[in-house]
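The chains carry the letters A, B and C, assigned in the order they are written, with residues numbered from 1 in each.
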Amino acid sequence: MQPNRMLPNRSRTSVLVFLLPPLLLYAAAVLFPILQSLFLSFFSWNGISDMEFVGLDNYVRMFVADDIFWRAFMNALIYLAICLVLQLGGALVVASLLTSLRRGRELIKTLYLLPAVISTVAIAFLFIRIYSLEPVGLLNQLFQWVGLDHLERPWLSDVNTVLAAVSAPEGWRFTGLYMLIIYAALLAVPKELEEAAVLDGASRWTLFTKIRFPYIRPVWITTTIMATTYGLRGFDIPYLMTNGGPGQSSELLTTYMYKAAFTSTDFGYASTISVFIVVECLVAVGLILFVLKRKADS
Amino acid sequence: MITQTAPPTPPAAVLPSRPPVKRRRRRPDLFRTLSRVLIMLIVIVQVYPLAWLFLTSLRTEQDFATGDPFALPSSLTWENYARAFDTGDLGRNILNSFIVTMGANILIVLLGMMAAYAIQVLGFRLSKLVRGLFLIGIIVPVQIALVPLFIDYSAVNLLDTYLSMIIPLAGFSLPMSIYLFCSFYEYIPKETYEAASLDGAGPYRIFGLITMPLSLNTVVTVVLVNSIFIWNDFIFANTFVLSEDLKTIPLGLQNYIGAMGKVDWTATFAAVCVTITPLLLVFLVLNKAMIQGLENGATKG
Amino acid sequence: MKKMLRAAAAAAVTALALTACGGTSSTDPSNVSPTGEIKAREISWLLSRPADGAVINIMKKLAADYAKEHPGFELNLITTPDRPSYIQKLETLAAANKLPELFDTDATPFAQQLAKQGKMMDAEQLLESLGIYGNYRPGALDYQRFDDGSLYMIPFQFELEFIWYNKALLEKAGVAVPTSLDDIPAMCTTLRSAGITPIAIDGQDQWPLERYIAYQPFREAGPEFVQKLKKGEAKFSDPAGQKTVNWMAELGKAKCFQDGFSAQGYSDAQNQFTSGQAAMYNIGTWELPSLATDKLDPSVRNDIDFFTLPTTAGSVTGANEFVSPSGIGMAVNAKTYDPLVSDFLKFALAKYPAEYAATGALSPTTDVETVVPGNATPLYQKALDQANSLGSKQAMPWDTQLDPTTNGRLQQELVLLVQGNISPEQFTETMDKTIAQNAPKFFK
């Protein structure tokens, strides 16, 4: 009945004593505001005049009449995909490379985490310079040097490249964190398994796909969930670099919600988008668990 | 009194030199050189921005405005730092950020341990549900809490206080902390507790004398990971803080914005360099403990 | 669990209801001379001005002087220089009914709603009662007025916006100063073919590009166009609207602005102009200290000049009428207005203009003379002199006029239009639809 219980004798009170304080803080800071958002989403309210009950109007408007909403939703998915590839893919590659390294691992791990401590304001400004075309920024300069002049462009003003350009810094920032986690998991793969496989003549690739990856799958799931939820939360860097522009090319659901609340003072509609984001995140995590767990079972 | 069983040693993670097991080396050099080069390249990409930030903070305004932003500065100056300290109140900003970061961290660690202890060690009927409830906090974006919290705070007069920043920062970080502590507690052998119980220790004693001391590495991890986010938090501070005396670092950086959005960038970068230094120092000193804790949390999750 | 949820929901409702309805003010916004004793206390001013700028420094000093006569008085200046952050703060404070004694705002639709609810003091009556209404430049006050002519904000600045240009670069490309707005696209083409960036613009902050769309309608139909447009009474599909939409598209086609302008910030744009890379730069007199003193790069110092907004053939507004804003204004909270606030404002507003003019800036009043700084170039005085010959109309920046949702959309679509990502027809259709959707909510 109680699989988790480790202590043979403990009173009901002791559970409450330990559980209530964290639950209270959590309820006050997270759960209660979510409920308030849900409540607000049925109203039209600009903050200063009286609230007006509008039923499902906000939801109808969001799903049917708002082209920016759907654009922002698609952008958020693409943004998420790019962040995931950079963070998880990058982390996996670097972690694998690190395991083959003999010296300097500690130093590299530390250096790799550095971008995470820089404030987003500085990061945004740095990348604006890197992407700039007039005056020529670092990226376009690099293309010039290697003779790929035709690739030069104002990365943040081009509607086709801007989304990727704002996703990259976010992906880059936290790669180190995920790399550490995956690296630790890779080290924990039993050496006997690998050795046996090597004796059987397995290539590096088979070694990875057949031995290492299945072994780190649980960690991989955790990391994927972490990266996904942080990706869906993304806000600072697109907001600071392009403010969603040009047009709506880099508008995400979070920046759009923020604007609806604090630019348009449409608190009811902003809350409706909030509710959607919460549901979206829950669905995303559910999907990840479903897909990755089922693969593990098969 | 309490018989102390050996603390769970982290798995292979911290063995510095592995016995060279792989003897199969037909084209090893190519592969290893390649991975070295790749690693070096990636390290450059990761470290470069910090170096750039620091160099820019030493440039003269003129040089920054007209020169190639990526070349080495033509001359170095400390004038930006003088201006940074002159215009802003960096000392106070750092102090405020410190108070908020510490306050939030204490809550996160203490409450995180308590919740994890209740869920993982004590156990109760609805523990799965409570765990799920906490999971929501990992998932939802913090922005959704802004409007409701602002309304609530003004109703109970919490606006413009340290607490108004600490509560949501701690609340939204709590789930990840609980998660990390839970996965760590899962691996404290049952026998440890049973032995203590036989000695007559109750749940409070066991928490204080066994669970807490054993969690040290995880505590360091939780504190460091959260500090990175909290130290640089802009959104809550910007929404809930009004008075100059309570401004944290990210708000203090706004003092370098002039008329119509004209920013004194070299002074801003000098200020950024000053304000990330404390975090960087702590980070470098405790780095090893943090990496270990993360690795523990991860491999056991 | 269910019970807890229900309780939480009920509590949420109560909390919201409490804050939403508690907003009726007891003070009459037109009762500008309250009677009673002056009780010294701390008052706050929520403002959005540079932390180390002239306005804040002067008001700090004046508050200290006032505190000498009234021990216990203190002026707490809370500044948020970043405008979007400031607006967010103002809106949340208004929603929580926690506005301080004094707060900054433009004459936006949001501010008008605050005024309608009686939350701000009538500034016209206030200034009259202090006996200083007549000192203010009419243009400075007009900038702060709502469409119905009512005045609720007090100006602290007065600025003129010019198009600054580099004589040497224009000469090099063989182009003359434009005499009509319609000359500008062709001028840009010529400059571009000479390898010169025609106009440096701060695209990141969005208001600079939004200035341009205001110019043609101001010349074609006068300041009334935007007042009608924002309510949906005029449309972008009208002749004046179409003229500006097509003109903006032409500016884009002629590559008037630097490549990738939409992501470039204020300092970057200014640096391009002051380092001689761009030929023109549209900015106001608040930049006189960087453009008309010896702080300006010596290599361009003698080449810099300015011209005012060109007219067009058949223009209904004159060459001496252009954008002349008096900055973000200060509103006085009606709920907390008392003898102390009134007395302090009387003290501070009387002394402010002389102090402000001494810093080399244009005062919003006419009773003082601006002191030209010692390191100024001749251009400084020339710029100040323009203030003496202004006409009676002024071009309003559209970002203070439109409702915030329409404004946000306009800023986004404008970049697309200038970059050539959408056609003038698409732009017109989207914007007219957006206004039709959002204007009724704000201008009921």
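Rule of thumb we're sticking to: a residue touches a chain if its C-beta (ideal position, glycine included) is under 8 Å from a C-beta of that chain, and two chains touch if they have at least 3 such contacts.
Please read these numbers as outputs of a predicted model, since none were measured by experiment.
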Query = Among all the other chains, which ones are in touch with both chain A and chain C?
reply = B
Request  = Name whichever of A-B and B-C has more C-beta pairs touching across its two chains.
outcome  = A-B
Inquiry  = Measuring between Cα centroids, what's the chain most distant from chain A?
reply    = C
Message = So the centre of each chain is just the mean of its C-alpha atoms; given that, what is the distance between chain A and chain C in Å?
response = 37
Query = Cα centroid separation between chain B and chain C, in whole Å?
reply = 40
Query = Measuring from the mean C-alpha position of chain A to the mean C-alpha position of chain B, what distance in angstrom results?
reply = 16
Query = Among the residues of chain C, which are close enough to touch at least two other chains?
reply = 12, 15-16, 88, 92, 95, 265
Request  = Find every residue in chain A that makes contact with two or more other chains and list them.
outcome  = 31-32, 36, 40, 125, 135, 267
Query = Do you know which chain B residues sit against two or more other chains?
reply = 146-148, 151-152, 265
Query = What residues of chain C sit close enough to touch chain B in their complex?
reply = 1, 12, 15-16, 18-19, 46, 49-53, 76-83, 85, 88-89, 92-93, 95-98, 202, 205, 207, 265-267, 270-271, 274-275, 284, 286-287, 297
Inquiry  = Applying the document's contact rule, which stretches of chain A touch chain C when the two form their complex?
reply    = 27, 31-32, 35-36, 39-40, 45-51, 125, 128, 131-135, 154-157, 159, 241-248, 259, 262-267
Request  = Using the touch definition up top, name the residues of chain C that touch chain A in the complex.
outcome  = 5, 8-9, 11-13, 15-16, 20-21, 23, 84, 87-88, 91-92, 94-95, 110, 113-114, 117, 119, 197, 203-204, 206, 258-265, 268, 272, 277, 404-405, 408, 411-413, 415-416, 419, 421-422, 438, 441
Query = For chain B, which residues are in contact with chain C within the complex?
reply = 62, 65-66, 87-88, 126, 129, 146-148, 150-155, 159, 238-239, 242-244, 254-255, 257-263, 265
Message = Which residues of chain B touch chain A once you look at their complex with the stated criterion?
response = 11-13, 17-18, 21-22, 24, 31-32, 35-36, 38-39, 42-43, 45-47, 49-50, 52-53, 68-70, 107, 111-112, 114-115, 117-125, 127, 130, 133-149, 151-152, 167-168, 170-172, 174-175, 178, 188, 190, 193-194, 197, 202-204, 206-207, 225, 228, 231-232, 234-235, 249-250, 253, 265, 268-269, 272, 275-276, 279-280, 283-284, 287-288, 291, 294-299, 301
